[in-house]
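Think of it as A, B, C and D in the order they're written, each chain with its own count starting at 1.
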Amino acid sequence: MAITEVPTHLRAAVDAAKKKVADLHAELPRWELVVWTAGNVSERVRDTQGAADGTDDLLVIKPSGVSYDDITPDAMVVCDLQGNLVEGDRSPSSDTAAHAYVYANMPEVGGVVHTHSTYATAWAARGEEIPCVLTMMADEFGGPVPVGPFAIIGDDSIGRGIVETLSGSRSPAVLMRNHGPFTIGGDAKAAVKAAVLCEEVARAVHVARQLGDPLPIAQEHVDALYARYQNVYGQR
Amino acid sequence: MAITEVPTHLRAAVDAAKKKVADLHAELPRWELVVWTAGNVSERVRDTQGAADGTDDLLVIKPSGVSYDDITPDAMVVCDLQGNLVEGDRSPSSDTAAHAYVYANMPEVGGVVHTHSTYATAWAARGEEIPCVLTMMADEFGGPVPVGPFAIIGDDSIGRGIVETLSGSRSPAVLMRNHGPFTIGGDAKAAVKAAVLCEEVARAVHVARQLGDPLPIAQEHVDALYARYQNVYGQR
Amino acid sequence: MAITEVPTHLRAAVDAAKKKVADLHAELPRWELVVWTAGNVSERVRDTQGAADGTDDLLVIKPSGVSYDDITPDAMVVCDLQGNLVEGDRSPSSDTAAHAYVYANMPEVGGVVHTHSTYATAWAARGEEIPCVLTMMADEFGGPVPVGPFAIIGDDSIGRGIVETLSGSRSPAVLMRNHGPFTIGGDAKAAVKAAVLCEEVARAVHVARQLGDPLPIAQEHVDALYARYQNVYGQR
Amino acid sequence: MAITEVPTHLRAAVDAAKKKVADLHAELPRWELVVWTAGNVSERVRDTQGAADGTDDLLVIKPSGVSYDDITPDAMVVCDLQGNLVEGDRSPSSDTAAHAYVYANMPEVGGVVHTHSTYATAWAARGEEIPCVLTMMADEFGGPVPVGPFAIIGDDSIGRGIVETLSGSRSPAVLMRNHGPFTIGGDAKAAVKAAVLCEEVARAVHVARQLGDPLPIAQEHVDALYARYQNVYGQR
């Protein structure tokens, strides 16, 4: 049965997500990941009273083609996990189907971000994964940043490409071929962080490669760094 | 007959265009498309009571050599489509003749932008078109960004080069050889958007090319992406 | 004997250092040396009433994983020179052990900075020192910027790598392999300055090398520039 | 006879120059030409009652090693054309001798700027002039941007290198080998403009050269562009 409005028991959670998603959009121009109206952040709102498989969950996302100057909580739109508009005055981002597909197929994911950040997009244009030659890459990505398939907008092929590439991968980022990065996280903030770090490692490894070959990091060190960062870093 | 002042029936439209053009100039330094006083944005003011071929239309543009800090609606100048000053205290931009030629010869164009943005200018210095290897390029440009001829300022050769290159092209941007990009649009905002995206794709494809060959996008996919973006993206 | 709280006679000095260290963190994003929560600045607080070898000194540093928007003097944490928390509500930066090791083993050092700045990190990824081909490098670094060993977080191997590389070197900066730069100084501000200049010379020499070989500077000129800069530059 | 204080008849002109020079320093970080305290702007104050050869003129410049946050008109210092301090609480910039030498030997110069801007410095590190392959280069520089000799700070060798390179050249910019650009102009603002454009053309031509050879511009076109820009551009 289609969801036609935000259920009362999710009202507070949806409003909180609108605020959070609107605020997090400011991080994309701040870290120079987007130009003009490109890029989008979404967050899942879990319906704990809904179906056990999460199919009643909602997502909050930016409307299509809206300036970063005009992003407010009220401007955000709400969709179901088929990408249909549930609440909002404007059309959802044209990438909504991809976000929705990820939420519908990766229950642990709570946030998705898409940008066309320059260096990550350049690796994507060559269809080349970013090798793991920096300790900060081992920390956050646990290995290379993988490349996803070429997929055209308009059906669920982008969403499928993301899910197939990231399922079972340590990396929260995928470089969709000829397109750009999508990142995932436990919530929208974690996905934004992955987008910021994805561009930073794409740039630093690109620059390193311009004048020679970066030195590899032994797999055991990659594993140790990843394990520590996931379990110890930050505030507990 | 020369236009010597803004006709009364165009006063409100001219004033609105001055405000809009002044505001849009702020986008050029914001997206790092210009340094110092370089670059300019113009918009056509259509005289629907004038000649059917649009020869009575006016254009609003930035004065020559003025700092981006000093751009206000009142500082903007008004010219006819031969590039003659109709209203304003200062000399019009030295690129006015090129803008005017475009409006006079491409009736569908409502906005023109010129910058020396770094990466687009670098492609122009080599006289090399930007290949269409990114989905965002297919969306906005519908193919490669073409190169226009070398043309020297002082007669209508720049304007002719723009018109000859862009007539019949999907691309709203042309890289004038050894010079820099000019972009067009249905209004000034659309031309500014094209200038922002032109630099972004010039940079991303440059970066991709530094470490190898970007993968091509099949023509049928370029066509599909372009068709969708022109018809579906954004708010209707 | 473990230090369990800030001694009364160091209270004013610790509070002053918290203010200074908090303010100096703003320089890292300002000069684009860090993204997200990466990077950290610390300063030593000397206990002139403590042991003559400085083992009773304290250090002030940023907490782990905290946004640059949330850095205030009160948020800073205090540790002893074994890296144990002495004062503060949050976990210290995960790089604290490296900072503490430097203070414990280099008594002249009063400030330490760590970043993942892009170009310095790229040289570190290749394990390649930055050659001294700019007069500003001779001024500040007195020669090449050296590379330190690969070292994994979790024991004192990063600290040891920094100390072994910088002891007896003119350079206040070391590029830790596959990781990024650490810089030292007489106080935190001097270490921040070294971090800013390290990235600038890493970038300028990288750019120079992209199109050919930079010209060497004769050793006698490097020596003369370094001597003058260390003794004459700035306000006395 | 040494000048020991600002003559009464130059007080107003010196104060106006302090204000102007302080304000213009803000353009250096704005256009990303400097990091930390590097870079300096000066302006000549002509003593029309003094010696006909200009030897009684003064110059206003930034003090040495001062943060861009602390630059105010009152912080500026005044020197004579031998580089001796005439007025001010702080040591003048360590580049003052070079500025003073230029004013003493090029009477038409009213402003001098020095930066370590990244791309211009990279060309300087290779000792390679920037070829004139952009119309904006022809406009402002009238040909290539030339390279000056290697010169060490501490005597007048930097000043001599600037004067010998720029005397009789159209270019207001010289790339001092292994060091960075110096620019001159009729006043300090014109020299700042030349510094901004020098970095922009250094960057754009660098980027162009990374993927091939820029197309040359015929000498007759360079000459025509230069003549027009010097005589027609801007407000009269």
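In this section, contacts are C-beta pairs under 8 Å (C-beta built on N, C-alpha and C of every residue); 3 or more make two chains touch, one makes a residue touch a chain.
All values reported here derive from a predicted model rather than from experimental measurement.
> If you take the chains that touch chain A and keep only those that also touch chain C, what is left?
none
> Overlay chain C and chain D by their C-alpha atoms and let me know the rotation angle in degrees, rounded to the nearest 5.
Rotation angle, to the nearest 5: 90 degrees.
> Specify, for the interface formed by the sequence copies chain B and chain D, whether it is same or different in terms of residue numbers shared by both sides, with half as the dividing line.
Interface between chain B and chain D is built from largely different residues.
> Determine, using the mean of C-alpha atoms as each chain's centre, which chain is farthest from chain B.
Of all the other chains, the one whose centre lies farthest from chain B is C.
> So how far apart, in whole Å, are chain A and chain B when each is placed at the average of its C-alpha atoms?
Roughly 33 Å separates the two chain centres.
> Quick one: report the Å distance separating chain A from chain D, using the average Cα coordinate of each chain.
Centres of chain A and chain D (C-alpha means) sit 47 Å apart.
> Check each residue of chain C and list the ones that touch at least two other chains.
If we look for residues of chain C contacting two or more partner chains, we find 210.
> How would one label the connectivity among the chains shown: line, ring, star, complete, or other?
Shape = ring; chains linked end to end, path closes on itself.
> Throw together a list of every chain pair that touches.
Once each pair is checked, the touching ones are A-B, A-C, B-D, C-D.
> Sort out for me which residues of chain B touch chain D in the complex.
35-38, 63-66, 90-91, 94, 116, 118-119, 121-123, 125-128, 150, 152-154, 177-180, 206, 209-210
> Chain C touches which residues of chain A in the complex?
31, 133-136, 193, 196-197, 199-200, 203-205, 207-208, 210-215, 217, 221, 224-225, 228, 232-236
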